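Below you'll find the structures, each written out as structure tokens.
What follows is subunit A paired twice: with subunit B in the first complex and subunit C in the second.
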Partner chain A sequence: MLAIQLAITGLQTGALYALTAVGFSLIFGSTRIFHFAHGATFVIAAYFFYAAFGAGWGLIPGILASALGAVAFGLVLDRLVYVPIQRHEGSFFTVFVASFGVGIAVQNVIGMIFGRGFVTVNTSLSRSVELVPGVYVSPLAWIAIACAAVFLAALQFFMRRTHTGMALRALSDNPELVRTFGLNPRRIQAAAFAIGSVIVVPAAIITSATTGLNPAIGHHVMLISLAATIVGGIGSISGTMLAGVLLGLAESLALLVVDSQWTEAVTFGILFAFIIIRPSGLLGRAAAH
Partner chain B sequence: MTKTFKQAAAAATLACLALPALAADHTIGALFPLSGPNAVYGDVFMAGSDLAVEHINADGMLSGPMSIAYEDSQGLPQPAVVGMTKLVNVTGVPYTLSAFTGVSKAISTLGQRNQVVAVNGGGVGPDLAALGEYFWNVIPLVNLEVRAVVPYLTEEMGLQKMVLVYIDDPFGQAIEGELEAAFEGTEGELVGKFSVPVTAQQFSGVAAQVRSAQPDVVYIASYGAQQIQIVKQLRDNGVDAQIVSYSGYITPDALALPETEGMILTGQAVDYESDDPVTSRFVTDFKAKYDRDPTAYNVNYYNATLLYGLLAAALEAEGKEVTGENLLAKRLEMKTFDLVGGTVSFQDNGTLLSPIEVKQAKGGATETLTTVNVGE
Partner chain C sequence: MEAYIFNLVNLIAIYSILAVTLNFIMGYAGIYSLAHAVFFGLGAYSSAWVAQHVSPSIFVSYPAAMVAAGAVSLLLALPALRVRGEYFVAASLGLQVLSVTIFSEWKSFTGGIGGVLAIPPVDILGLEVFRPAQFAVLSVIVLVVVLLVINALVHSSFGRNLRAIRDSESAAASFGKNVPMIKTISVVISAALAAVAGALYASYLSFINVESFTLDTSVLVMAMVIIGGTGTVAGPIVGAALLLLLPSVISYFDFLPRTEIGSLQQIIYGLGMTLLMIFRPGGIVGRRSGT
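Up next, the complex of A and B:
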């Protein structure tokens, strides 16, 4: 029973990891911007929902506020930080440092506004119910898994069947060629940030009710996003989703064989194993040299 | 004449410049978590120490104004050592406030080597009693809390089977050792131990393990946001056993959590109703300044800061320099101090002894169940 319980728990965790990581993967895959502030997007989305829901706005307005906050942050960051840097120098390291700095600044601003302690959205949906003897699942677990499935399908459809989606894929391959075809790379980059930011919203909202929030939670989000992106294959949306679920499952099922303090080590063990054995990741394209 | 005037003017200028040195500024250091998941403690600690500085300056206790140079430890050893190095070598403080077991252990060698007093009012790891003569504790350590709560759980509440969920750091490991020792010779037993990494935030898997161990009681030994996340996720994942924790859990955030309701908690006993002038002034002014009741952490850092004021004032009265070495000598000489909670004295190991309260969380506050005198 413990194995079944841990598998279900791992699926829930994995679904949240997948939803968190796929936004980063989309942005990095399309624009090659190491968007470290993706963790900050998660924090903003979560705290906007927490504030709106706590103020009695209700679920839907809360979700809308969260999505609006996340998208606005992504677009403003792209326009005011990344684009100017790329225009003048565009070095990978400069962009990374700027993004890291923004992440720290957001953490502190959120701390100033909401306090630096722990907050959570109280809902009965986070309370587990006993499905069969010894196996407990909360309604939010099903919601997390359903969200991951729906968002993956929607994102895959978007990337393959819409002009913007195809442009995003083209941007990751050859920005100059995109320009030759009369498309505006800056506008496509903005679309990547908008979609990458909004897709983090379900995970942020569910996390606010399950594990709770503190302003520093973005660092953990970023670590998981990075690990899932590399394990899944850089630029591969499906790979990142799959890797997120794999990491969540591994983290949970590892408890069957190792003590709980080693579960994070298992996550990063998988990461290192992929870097050494299969650097292109689960579904990534092998790099030609 | 002109030359004499110039010499006199120069001498007068020098004298004027030298005058402030007679009324020396007093700066002490503090290594508190001001960012990261433990930052909530920084606010709590500063509320106590800042009020003490206000009182010391308002009373003109010292020859010059006193202030605190805060450094952000993040509750982690490595940033704390950087902060302590700065306080010792750049700011040049003779006395610093510390918090958290890992942080205190990390900075204690710097304090000992440079003869800078470090006073802990927040960390409760039992090892903190053995960090040298320059490391003092104004808080009873967690070994006393464990020794108070285990008999209460097993004898008064009839809860025999305990599972421990503890953070994988010196503090958590110390609690593990203390609990194992506390259960020896009792009918109770530790049926499971699950350590969690310092940075972990997902505990649903641990909750499944705890549930399968079928304990009567679960002891949570962590701190900051993590301990609250553990409690919430245990409850969310179907763990209905009694949950117990130590004084570090008693923070406004934790008490506000609905899942905290009914938890058994321990902490030092402080008589806030005492009519001694130090306690009544502290309680009155704290409520006026912060619009809430003080907690033990507020008291501890008020006391730790006030202790500096008392020692430094005594040294200045004797015309001695306020150095770490002299502060230590003066503490050993004075023996007793009028602090919040009454007249206190230090044990030989530099730690204050205090009765321990066993409390229960009710309606966002705590209610005392019993007070235990646990001697060393």
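Up next, the complex of A and C:
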């Protein structure tokens, strides 16, 4: 019974991980920008929803506020930080440090406004129901899994069937060729940031109702996104989704063997092993050099 | 007031050692580690353990700390040999997160969350050094020694090899340089010297816990290196002094809320990092634009 319980919890966590990580994976895969502030996007989306919902705006306006906040943050960061850096050189490390700096600032600004403690959005949906004897599942778990299925399928469809999606994949393969075909790489890059940012919204909102939020959660989100992207294979969106779900499951099922304070260590043990043994990840193409 | 200033001198010296040693692998070998606080912590815990159980002599506890950190740093050298760039950042992050869990769970060695209490003051040939003023002399001397060691290394053929590897690993290898060996040695040296900072920290405060060795510390040290200037001699020390003086400067302005000093410090250095990367990637001391 415990194993089933943990597997369902793991699926819920994994669904949220996949939804979070896929945005980072999309941005990093297509633009090669090491968008470390992706965690900050998550924090902004979550706290915008928390503030709007808490102010009694209702669910839909709350979701809209959250999406607007996330997309605006992604686009502004791209325009004001990444594009200027790419203009003069744009080594991996310069971009990483700039992005990291923004992440630190956002975490502390949110902390000053909303406090550094945990906050939760109260909803009856997080109340667990006994499914079969000994297995408790809250409606939010199903919502999380359904959201992941719908949004990830939509993203796959978008990447394969629309012009923007194809342009994004083209950009990851060969930016020069994109320019030759008369497309504007900068506009495609902005599209990557808009989509990569907006896709964290469902995970941010569900997390605000399940485990709750604190300003430092951005770090955790970023670590998970990075782990899922690398374990899945950089440049492979389906790989990231798969890795996100697997990491969630592994964290949860690890509780059968170890205490809960080791869950994060499990994720990073897996990441560490992949980097050393198989840097190209589950579904990755190229090597790490 | 005097004690306050000497306390600041001690902290700046200790963090300068961390920044200088991180700069050694970051600026000269291109190994961007987010796990430097691990070796700081290892140095602190091992020297505390040795001081309590074996001998508080500086000639026993400090070398023990260096050996412990140097040995564990092979764990960091392993991914450094295999991968570069974002992969290595991820691996070092993983090591940092794992280590914090181990630091807070391995109670017999680290005291868990509660930490290690009553660490005896360091003993130098029978002299117990614990007053901030006395300790400031010790910590500055250690900083100077570390600087001299690093400087000698950077200007030796070893340092040239490191820079060659940073700029092009395959070119260095094709000139017959033993790239894995050089990288491993640089990581071990950096970690062992960072452990000295940990040993100083433990014997100075006589109390340590895991809070001082988290990702936040690694990030702070990295910010010091970057803001000061990666790959420069003076940069890391300038960065360390600036970031540690920041809280005092902020508290000087009365209109800013006292409770938010920590947050304001982090916001300032976060935005500082971002702005520097946009306008002056070489840091405050650095001249070249970017490395």
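Just so it is clear, the second predicted complex is superposed on the first by the 285 of 289 C-alpha atoms of A that agree within 3 Å, B and C clash if a C-alpha of one lies under 4 Å from a C-alpha of the other, contacts with A are read in each partner's own complex, and residues count from 1 in each chain.
As a convention for this text, contacts are C-beta pairs under 8 Å (C-beta built on N, C-alpha and C of every residue); 3 or more make two chains touch, one makes a residue touch a chain.
Predicted, not measured: the structure shown is a model, and the values here were computed from it.
Three-chain overlay on subunit A, with subunit B and subunit C in a clash. Residue contacts after overlaying the shared chain place A:Arg278 against neither subunit B nor subunit C.
Once the two complexes are laid over each other on the shared chain, residue contacts for A:Arg160 go to neither subunit B nor subunit C.
When the shared chain is aligned, subunit C comes close enough to touch A:Leu226, but subunit B does not. Once chain A of one complex is fitted onto chain A of the other, the partner contacts of A:His88 are limited to subunit C, with no touch recorded for subunit B. Contacts of A:Asn108 after superposition: both subunit B and subunit C are touched.
Of the two partner chains, neither subunit B nor subunit C is touched by A:Arg179. In the superposed pair of complexes, A:Phe100 makes contact with subunit C only, with no contact to subunit B.
Once the two complexes are overlaid on the shared chain, A:Thr13 sits against subunit B while remaining clear of subunit C.
Once chain A of one complex is fitted onto chain A of the other, the partner contacts of A:Met1 are limited to subunit B, with no touch recorded for subunit C.
The clash between subunit C and subunit B in the superposition falls on 202-210, which is one of the stretches 22-30, 58-66 or 202-210. Residues common to the contacts of subunit A with subunit B and with subunit C across the two structures: 107-108, 111, 261, 264. Contact residues on subunit A toward subunit B in their complex (touch as defined above): 1-2, 5-6, 9-10, 12-13, 107-108, 111, 115-120, 122, 126-128, 130, 134, 136, 138, 210-212, 214-217, 220, 251-252, 255, 259-261, 263-264. Put simply, subunit B touches subunit A in their complex at residues 35-37, 39-40, 42-43, 168, 194-197, 199-206, 208-209, 211-212, 224-225, 228-229, 232-233, 235-238, 251-254, 257-258. By the touch criterion given at the top, residues 28, 34, 81, 84-85, 88-89, 91-105, 107-109, 111-112, 219, 223, 226-227, 230, 234, 261-262, 264-265, 268-269, 271-272, 275-276, 279, 288-289 of subunit A touch subunit C in their complex. In the complex of the two chains, the subunit C residues touching subunit A come out as 32, 78-79, 82-87, 89-91, 93-95, 97-98, 101-102, 104-105, 215, 219, 222-223, 226, 260, 263-264, 266-267, 269-275, 277-278, 281, 289-291.
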